[in-house]
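Structure first, commentary second.
Chain nomenclature is as follows: A, B, C and D, assigned in order of appearance, with residue numbering initiated at 1 for each chain independently.
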Amino acid sequence: MYSEKVLEHLRNPRNVGKIENPDGVGKVGNPVCGDVMVMYLKIRDNIIEDAKFETFGCGAAIATSSIATELIKGKTIEEALSITNRAVADALDGLPPQKMHCSVLAEEAIRSAINDYLAKKRVENGEGRIS
Amino acid sequence: MYSEKVLEHLRNPRNVGKIENPDGVGKVGNPVCGDVMVMYLKIRDNIIEDAKFETFGCGAAIATSSIATELIKGKTIEEALSITNRAVADALDGLPPQKMHCSVLAEEAIRSAINDYLAKKRVENGEGRIS
Amino acid sequence: MIYLDCNATTPCDQRVIEAMLPFFAEKFGNPSSLHSIGQEAKKALETSRHTIAQCLGAEDQEIIFTSGGTEANNLAIRGSAYALWNKGNHLITSAIEHHAVLNVFKALEKEGFQVTYLPVDENGLVDPQEFKKSITPRTTLVSIMHANNETGVIEPIQEIASLAKEYGLLFHTDAVQTIGKLSFNVKEIPVDLLSASAHKFYGPKGVGFLYVKKGVRLIPQILGGPHERGKRAGTENVPLIVGMAKALEIAQANWEDEYRHVEELRNRLEQGITERIREVTVVGKNAPRLPNTSMILVKYVEGEAMLLNLDFAGICVSSGSACTSGSLEPSHVLLSCGYPHEIAHGSVRFSLGRSNTVEEIQTVLEVFPHIVEKLRNISPFGKEAI
Amino acid sequence: MIYLDCNATTPCDQRVIEAMLPFFAEKFGNPSSLHSIGQEAKKALETSRHTIAQCLGAEDQEIIFTSGGTEANNLAIRGSAYALWNKGNHLITSAIEHHAVLNVFKALEKEGFQVTYLPVDENGLVDPQEFKKSITPRTTLVSIMHANNETGVIEPIQEIASLAKEYGLLFHTDAVQTIGKLSFNVKEIPVDLLSASAHKFYGPKGVGFLYVKKGVRLIPQILGGPHERGKRAGTENVPLIVGMAKALEIAQANWEDEYRHVEELRNRLEQGITERIREVTVVGKNAPRLPNTSMILVKYVEGEAMLLNLDFAGICVSSGSACTSGSLEPSHVLLSCGYPHEIAHGSVRFSLGRSNTVEEIQTVLEVFPHIVEKLRNISPFGKEAI
């Protein structure tokens, strides 16, 4: 049911683990539903220098997390934010219909980690202060 | 579904045909139902000397007719009348349930042919006359 | 043995057996299993579905596997009658359908549906105009068989399907006797549902399929796991499905040659019989017919007696349909054609197949007249006509 | 490949294949045909029925052939619920039945029946006293599976069957996972209906049977010809039925040896896993269980991910039941046992068979801990516990 690409990413997931002192962290999903993704980002000059993930979930959840980190590494924040779940699935040569939600989760994880970074930056820049 | 004995009687039916000037004739069944048996008897001194049949019908109908003629040949009228449909079926090593009615037909054919004989005899003996 | 009972069942083609064999013990996985052994089976399942879909001009997801023609008919009729229950409760079929169709309609009648059983003419043909007249505003479904299993007569389903479409009715055809013998393209004949059974075209018994046009709703009849897109539960019968696909592929590749072959033999048989035996009738002779089927009525004798005597001579035929062989009633098909009971009782069906030969037909033509003579000799009827 | 998914399906035994083979192309007749080729098939059919009946202590006419366990369950439940409709509309089953049972009951609920789904304890056991309490004057039928396909837990059906008898209820058991693995005698356990499926005991897929105790009325679900004493229409699947009989015969002759063999391997597997991997649970460990089944819950990781990684290593297992493998919900069986969702998601089912070896189990014990480690390493959970 899975493409070779999915299986390959499950076999050898890229960028597994935490990043110490990450610039952004995104946690999406719910253990009750069987999928939790945590994405860690290192960002410098608007560029995603490093991305890592931790995932509790099925084969597709792990593979989409893995490919997602690859897709965003080296990208600008804007580029990363424009990555859709379709693009994640396509990068894996497709997903079975009942697993498409994993690609949605990956998209959300990227978005959530970047938003975390942007929020922190706003605080640092004083943008977060009540004026 | 049929016993070897049924098939053997169908293969080589005994006593097929008419008897010229029979002492008794019995015709039972109905072409609409798919079974008609005609039994011809030659009777002397209360003994069935000869029996022949003509049958339109399935394998079981032909086999029961054939065995019935065998069963009654050489028997007294009383003996012949005591032959039940079960006895006819048993003589063929049994019949499938949906074919048991053929043995009933054979019993009826015997009975009908003997009754015909007895009726004719009563007429001959003047018993049939209105007194 | 001379086997002339191909409408009852056919032997598996050797290539079909070879195609099935690896799936019993080597590639034995459950297609629902996610591991490689399961996925290998899943792949074979989907490849088979594709092969079958291609043969019919259908899309893969329009093919639902069943345990045979009977189940396919049940699923099609009951499944769609209930899916359309809110639109209407009037259904139309014909008087000469197989029992796997007729008995479903009879059950539905008891459950509150109204069913019209269209009559047929003396050739066994449904009249499309009669069909049109029987349509009511409450009509939802019409089921007319493609070819009759007893007589081989081919119904005008192209016309009926078009009319059904025009009136917005669902159209089902029991094509169990035609799939494999003729070519069928669902793009040419606009059917919504079509039943087929592998063992009629040199595939294995116990497997068939239902073509379900995209968008047609069907209430599943066997419930359980999410197999067959929720339309039919139960672990898929992978080896037999692979066998069915192979059998259909072979049949489709050769149907025209086979058509000519069996038609020539069948015509030779019919000509020989009518020349050699007095007072016989070939049913549906003037109607479009399957090339392999010959239903013969022999006056004054009964069908089963002929069948058994032919069997003694090593010739396998049927008297009416195999399904009703236990029953005492003559064929409902022949009665519907207007033959009286006593004539309908005297039926023999010869149904030929790809491996029959001219020599075999010659043997039948030598043997059969003697059998009829023997039985007519036993019969109390018809002697005066000699 | 190390195949540890025997509850999903088993490969056909070579003797089974050999028994089936002649019936595809040589003895290929339709059992309804009256000629010798048909009667030869008919004889094989009835001999197979006899063999199966003997294995269960049943009478021949109590065995109805179906297209598998799913169809047998559907026929048993729907067929008897409607046959008893006039007596009452309350039915009882358990929460942990296979979907081929559960989904029939769910459909019956929509059709006006009331269904009690008995809960189970943490071991997955139904409580016979709970069952007794759920009986109402309108109760007609109870269906409790013999052994659960996911956990292998064996339900107290002897007690439940006796209670059902006492209260005049019909008792059905889905014995798909036990027939072939254990011995079953219908004289000892008073069931009225029992379902079985050949592909679970080294027979072919697509064939099963329903035991129907003499006198039990059943509304047929597939209508057509008069096959199977009017209880199930459709040309009989002779080769597969012959194969099923052979498979059951073999299984019955060896079940005790096999029982000991797989139990020893299973215990070795469970001991090895619990020694080597922290925070794992063996489901139903304290309940009577099938000797071949081990449902293991591994904290912090998800079942499918374990399954696929095991497959990379050439080891075939399942995560929950094969049937629900497409779904996102964790096993309803584990949830019914009271496990929280996140734990239930981490399930792997090992189900062993006759051909597994100690070496294979050893390999699993070497490979599996690494897989769990790898996946726990990927997981955001459970690291603090290391």
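What we mean here is this: a residue touches a chain if its C-beta (ideal position, glycine included) is under 8 Å from a C-beta of that chain, and two chains touch if they have at least 3 such contacts.
All of these numbers come straight from a predicted model, not from anything done at the bench.
K.L.:
Rounded to the nearest whole Å, what is the centre-to-centre distance of subunit A and subunit B, using the mean of the C-alpha atoms as each centre?
P.N.:
93
K.L.:
If you average the CA atoms of subunit B and of subunit D, how far apart do the two points sit, in angstrom?
P.N.:
Using C-alpha averages as centres, the distance is 57 Å.
K.L.:
As a quick test, compute the distance in whole Å between the mean CA positions of subunit B and subunit C.
P.N.:
41
K.L.:
Residues of subunit C that contact two or more other chains, please.
P.N.:
Those would be 34, 304, 308, 326-327.
K.L.:
If I count partner chains per residue in subunit A, which residues reach a count of at least 2?
P.N.:
If we look for residues of subunit A contacting two or more partner chains, we find none.
K.L.:
What's the contact topology between the chains, one of line, ring, star, complete, other?
P.N.:
Graph shape here is other: it fits none of the named patterns.
K.L.:
Can you name every pair of chains that touch?
P.N.:
A-C, A-D, B-C, B-D, C-D
K.L.:
Would you tell me which residues of subunit D are touching subunit B in their complex?
P.N.:
Of all residues in subunit D, those touching subunit B are 34, 39, 42.
K.L.:
Inside the complex, what are the residues of subunit C that reach subunit D?
P.N.:
Checking each residue of subunit C against subunit D gives 1, 3, 5, 8-14, 16-17, 20-21, 24-26, 28-30, 32-38, 67-71, 73-74, 98-100, 103-104, 106-107, 197, 199, 204-207, 221-227, 233-240, 304, 307-308, 310-311, 315-319, 322-327.
K.L.:
Hey, which residues of subunit A end up touching subunit C in the complex?
P.N.:
Against subunit C, subunit A makes touches at 1.
K.L.:
Over in the complex, which subunit D residues touch subunit A? Could you list them?
P.N.:
Touching subunit A from subunit D are residues 300-305, 308-309, 312, 326-328, 330, 340-342, 345, 377-381.
K.L.:
Of all residues in subunit A, which touch subunit D in the complex?
P.N.:
Per the stated touch rule, the residues are 2, 7, 10-11, 13, 16-17, 27, 31-36, 38, 53-59, 61-62, 96, 98, 101.
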